[in-house]
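Following this line, the structures themselves.
One chain, chain A, appears in both complexes that follow, with chain B as partner in the first and chain C in the second.
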Partner chain A sequence: MADTIKLSVNGVEVEVQAGKNLVDAVAAVGIEIPHICYHPALGADGNCRMCLVEIEDGRPPLVPACKTRAVEGMKVRLDSEKIKKIQRDIMEFELINHPIDCPICDQAGECILQDYYMKYDGAQSRMRVPQVVKGKKIDFGAGVVHDQERCVLCARCVRFTRLITKTGELGIVNRTDQARVNIFPGRPLSNRYSLNVVDLCPVGAMTSSDFRFKQRAWFLTKSKGICHGCSKGCNIFIDHNREKYQDDIIYRYRPRHNEQVNGYFICDAGRMTYKQENEKRLRTPLASGQQADLESAINALKRRLDQAANPFFVVSPNCSLEQMHAIQQLAAQKKATVSGFSEGYIQEGDGDDWLIQDDKAANRAAFAVLGIDETKEVFNSALKGADLVVNFGNDLSLSGVNNTSLGTAEMAFIGSYANSCADAAAYLVPVASYSEDSGSIINVDGVLQRYETAVKKNVPFPNMLSVIRQLGGGLDDVQAARTSLGNTVEAFKKLDLQNIPAQGLALTASEVGNVTA
Partner chain B sequence: MSIDIKTVERKGGTPQERVYLVEVFKGMAVTFGHFIRNFLDNSKLYVRHYPEVEPEITARWRGRHRLTRHEDGTVKCVACFMCQTNCPAKCIMIEAGERNDGRTEKLPVRFDIDLLECIYCGFCVEACPMDAIRMDTGIYALTGTERDSFVIGLNELLQSESPFTDEEYKKGSK
Partner chain C sequence: MEVKVLSAKFDIEGANKLEIAKEHGAYATLDKLFAMEPAAVTEVVKASGLRGRGGAGFPTGLKWTFLPKGLDKPVYLAVNSDESEPATFKDRYILVRDPHMLIEGIIICCYAINSHDAYIYIRGEYTSQVKVLQAAIDEAYAAGYLGEKVAGHDFRIDVTVHRGAGAYICGEETALLESIEGKKGQPRSKPPFPAIEGLYGCPTIINNVQSIASLPFILANGADAYKAFGTEKSPGTHLFGISGLVQKPGMYELPLGLPVLEVIDKVAGGVREGRKLKGIIPGGSSTPVLTPEEAQDATLDYESLAAHKTMFGSGGIVVLDDTVDMVKLAENLVHFYYHESCGQCTPCREGLGWMLKILEQLIAGKGKVADIDLLLELCDNIEMKTVCVLSAACTMSLRSYLIKFRSEFEAYAAKNASAEPVM
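On to the complex of A and B.
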């Protein structure tokens, strides 16, 4: 446990973590100090003054909480008339030239100005002169739309491009009421994390052109999820909504804070992977090349699998641990070889030293833990003798395996997304994707994380585990799979897979490298 | 809490009432009296001659909705979804789009109201920050042979006019 210190806020003694600034320290015990420019990932800038607090018997008596370290015995006052007046005045100042675009502003509902106005201000405007007119709907590139009038000049976006991406596309030009955020002429935002400024911006000055006007923030259900865009496994919010008479649809991904994995951010490419959850989905089950309903497709595949002399299972590196385990069990029962061959998911040199990884698969690390072979040799030799290839969502075309090289073997595909493997399949079972299912995955750094069902379709796809069970597998659900994993896989014997902590579990090198051969 | 008990005197106990037939004839006399009077002159009837005579609708009467326009004819609605959010019947369905007429940035590309689900509460009108939706068309009778015909869209809502002037409306809603 970190060291704690005692200080008093509004005369009440609280115990907080040492070494933090006042805003974060007391936020952890549920006390809000309003702040606009401070963001934990960007540090304190001290430009907005919304966080001013009174320190009783302190020198100086008034300090910005974001720039002040919490120390033992400090006496902080937030409820004095003086502080309340300062907060009102700062809010009035921020709103002097603010357009109050709320009806057409995508930030409405999650806007710091709206929230703080209701909490700390509530006064009528005293502006009697025309407001300063600035640029609206400016394309900053990378899908970011800027509105200079809504900007409160907190410089979070500017600091992000300077301190975090170190690309420095944004700056504040001019002073006083002419100050505005802008890009350099002809040099738009062009880093792969640009859309984070949309989340960072506390107001609606930075909006996403992709999300623009699609939904109002308060309609969205904000479920927790894990991005499957690459092997980093960044934590996200899956914002989805079921409109009247429509299906449950995802409208955006937003980063979810996890210090152990992605901090406060995600990459732009991963953010856009929500689209494949809505589109490009497999929907029509096939049995012997004929359209069929789900039950008969699964039953036909089961019969075909029972007859197969030499079945061969191909696993996607995006399958969850539980799914891989169930596939392995079914393979053992059917005497099938299992291969996770998927080198095409790796885009050499695409990754960087921060979040983006070369490997675009979410759970490749599990192959090693579970002992699933992913070499080309094993894949090719198993393919040669096989009369039935059951592919669990692996897009082999990425790895240079086209449908002709699959030879005479019959193909079955159990997956969520359309690809050429699914096109060639005689048996097709569409299953729930990760946003509609629960499971656990291990990321590139060996962090074991779990995700729960977020999206609930009107007609839900079956999850892969239940399909495997209907094909003859022995695991009922995710819980059963976890128990079985804990019992059979060396690396998991000491872990509580049913209760993986929210921030994930960092596996040791020996656990990740453990091959149960 | 104490309860007041009031004993109501029972009627119908007199010999005349007990005979019953006398009372029946007295009642019939009233009925025929009305019948003959209205038969000879129906201008004194207590009922409205609907549909020949239509009721008088005031400006604050909540009829079928309409979407208002600016003076230059452009739609006032900015697709803020306040009405949809506030609607207790969840019968407003809006889709927003980009607006390029220089007024603002956003407008509705779809604005459907399911009038069969609507409870005519007027909450949508109250929620609107633009005075873009009103229920002052004076339309109170809606008929149709299919359910779908009761879902009215953007065009229909924009085409309806109000029989009232702005002053009447403003006064009525004060």
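On to the complex of A and C.
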């Protein structure tokens, strides 16, 4: 535990962490100092002036809280008439030239101006002169559309491109109330994290061309999730909604703060993987190449598996720990070789030194922990003798395995997304994807994380664990799988897999086995 | 009333040239300077009571002592020559007529604060002035007064002239530093103050041209000689730029502490024939206006003008006579500050434009009396809520116009037939 200091806020003594600015220090004990331009990842800029607080006996007596370090014995006043008036005044200045087009603004419902107006302002407009006219729907590139009139010039987006991505595409041009955020002519946003400016924007000035006008924020259910776009396992919000007469659909991913994994941000590519959860899904079960209902397909596959002389299981590096464990158990029972061969998921050189990883699979680290072989040699030799290949979601075409190279073996595919392996399958069981399921994964840095079911389809896909159970597996559900993992896997024996902390559990080097992070 | 301290060489033809300037004493203090300890130089400046001539009037010598001791970072000197305050035109005389006095002052200051790199941040519009200044610097380099060994002593000083791009805000010392660093000229939050963390993150002293140019006289003649001019708390002389509706507008060097009205009458020749004095803006556009009644016992020094709820400012005196329309003057003033707001802080960025539009509406005959009260409230709402004092410079002046000449504003409101009658 870090050092703490005592200071007084509105005459009440509070104990806060030392070394923080006033906004963060007192936020930790539940006291809000309103602020617009300050963001913990971007540092204090001090331009919005919303966080001005009084320091009793202070010099100067009025300071921006974001730029003021909390120190022992400080007497902070937020509740004086003077401060309340300043907050009202700042809101008035923010709003006089704001279009107040909330009914057509994507940010409505999660807008700092709306929230602060209700909390700190509430006054009628006194503006009787024409508003400043600025640019609307300006294409900033990378799927970011900018509205200069809604902008409060907090410069969060500008600071993001300067301090975080260091690409500097954005700047504030002009002075006075003609100041506006803009790109340089012909130089649009072109970094792989551009869409974070949409999340950072406290108002509706930065919108995503992918999301804009699709949903009202207040209709969205904001579920916690883990991005499966690469092996980083960034924490996300899965924003989804079931419209009347429609199915539950995901409309966007947004970053969810986790200091241990992704900080405040996610990459654009990962953000867009939500589309795969809605589209490109496997829907029609197959039994012996014929369309079938789910039960018949699973039963047919079970019969085929029972008869197989030499079954071979292929597992996807996107499967959860629980799924992999159940697959291993079933394989042991059926005397099947298990291979996690999936080198095609790795895009050499695509990663960077921040969030984006070469490995586009979410849980490859689990292979080493569970002892699942992923070499091409084992895959090829096992394939040679196999008469039935049961593929658990692994898109082998990525790894250069086309359907003819699979030889005479019959194919079964248990997965969520359409691909050529699924096309070639005689037995096909569509299952819930990660956004509809619960599980645990280990990221590239050895952080074990849990995700829970976010989306509930009108007609839910069965989860893979239940399908494995119907095929003869012995694990009832994720809880049973976790208990079994804890009992049988060396690395997990000392861990409580049922209670992984929200920020994830950093496994030690010995726990993640021979994985090099 | 006029004195010749800073302006001693102003009327000498060719004094901007090194040869002629030297004939009249330029660089004569350097031997004395390098024989002194740097701290002793600072002590002399402190003892002289010289106050910052940029407008704020902070004691120059005291400012130098704020530099951290024993730091292994370089110390920079930035000479503020961004003279952009409306009605202020004193530094340009130094730049053009006696640039070597400025360079000599820079050498004195650099030696005192142990700085080897000085920047002169010159207003972008001073296109001809910058040529004269640069030519003088080139001459000083050629003659060995600047460069590796200043006047043969083991002390390096390099002077770089940095031209602004036409922003008033770059006269604010931290915006000036940002601009030198190649960034958009926007003031920094303080603390940290520039003396601790200034140019390129290093300790930096920022002094006005006239402050620096006062140093050769002080060093040559001693603190007491300088204090012989002016008042006890506002010692020395000042270059006053008197403009507006007077008979003899111009730049006059005067000791501080002279009565305002006497200066206007005797130095600047008074208001024009048949006109009546209406108001005095004592120190540049950002200082609140004085009515003739208020000015009766006001003297041109920091204390007296502060006591009259205005400021000494930059010595740019604007004289207003009875033909001046205070509402249009207010509009002109607000337009300037609106246009020059850097756009960083919310109250200044949004508020000044709003105030300008209200004034424009009032002048167009579409205003109301309530607008005058709204303007007064907006002055309060904007003032001192921002990183720098640009907005306060506007609101303090505007408030003085609104309060002291309210009837003129109400007269405009009365032109609006649709509004409520003026009570």
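Definition applied: the second predicted complex is superposed on the first by the 513 of 517 C-alpha atoms of A that agree within 3 Å, B and C clash if a C-alpha of one lies under 4 Å from a C-alpha of the other, contacts with A are read in each partner's own complex, and residues count from 1 in each chain.
Please note the rule applied: a contact is a pair of C-beta atoms (placed from the backbone, for glycine too) under 8 Å apart; a residue touches a chain by one contact, two chains touch by 3 or more.
The structure presented is a predicted model; accordingly, all values stated were derived computationally and were not measured.
When the two structures are aligned on the shared chain, A:Arg216 is found in touch with chain B, with no touch to chain C. Taking chain A as the reference chain, the count of touched residues is higher for C when chain B and chain C are set side by side. Once the two complexes are overlaid on the shared chain, A:Ala18 sits clear of chain B and of chain C alike. Once the two complexes are overlaid on the shared chain, A:Val71 sits clear of chain B and of chain C alike. By the touch criterion defined above, A:Lys136 reaches chain B but does not reach chain C.
Look at A:Ala502: by the touch rule set out above, it reaches neither chain B nor chain C. Contact with chain C, but none with chain B, is seen for A:Arg49 once the two complexes are overlaid on the shared chain.
Of the two partner chains placed by the overlay, only chain B lies in contact with A:Lys244; chain C stays clear of it. On chain A, the surface touched by chain B in one complex and the surface touched by chain C in the other have no residue in common.
The touching residues of chain A, when paired with chain C in their complex, are 44, 46-50, 52, 62, 64, 67, 85-86, 89-90, 92-94, 96-97, 126-130, 132, 152-153, 171-172, 174-179. Within the complex formed with chain A, the chain C residues making contact are 167, 169, 184, 189, 338-347, 349-354, 357-358, 360-361, 371, 374, 381-382, 384-387.
The residues of chain A lying in touch with chain B in their complex are 101-104, 108, 136-137, 212-214, 216, 218-219, 243-245. Chain B meets chain A in the complex at residues 78-82, 85, 90, 93, 96-98, 104-106, 129-130.
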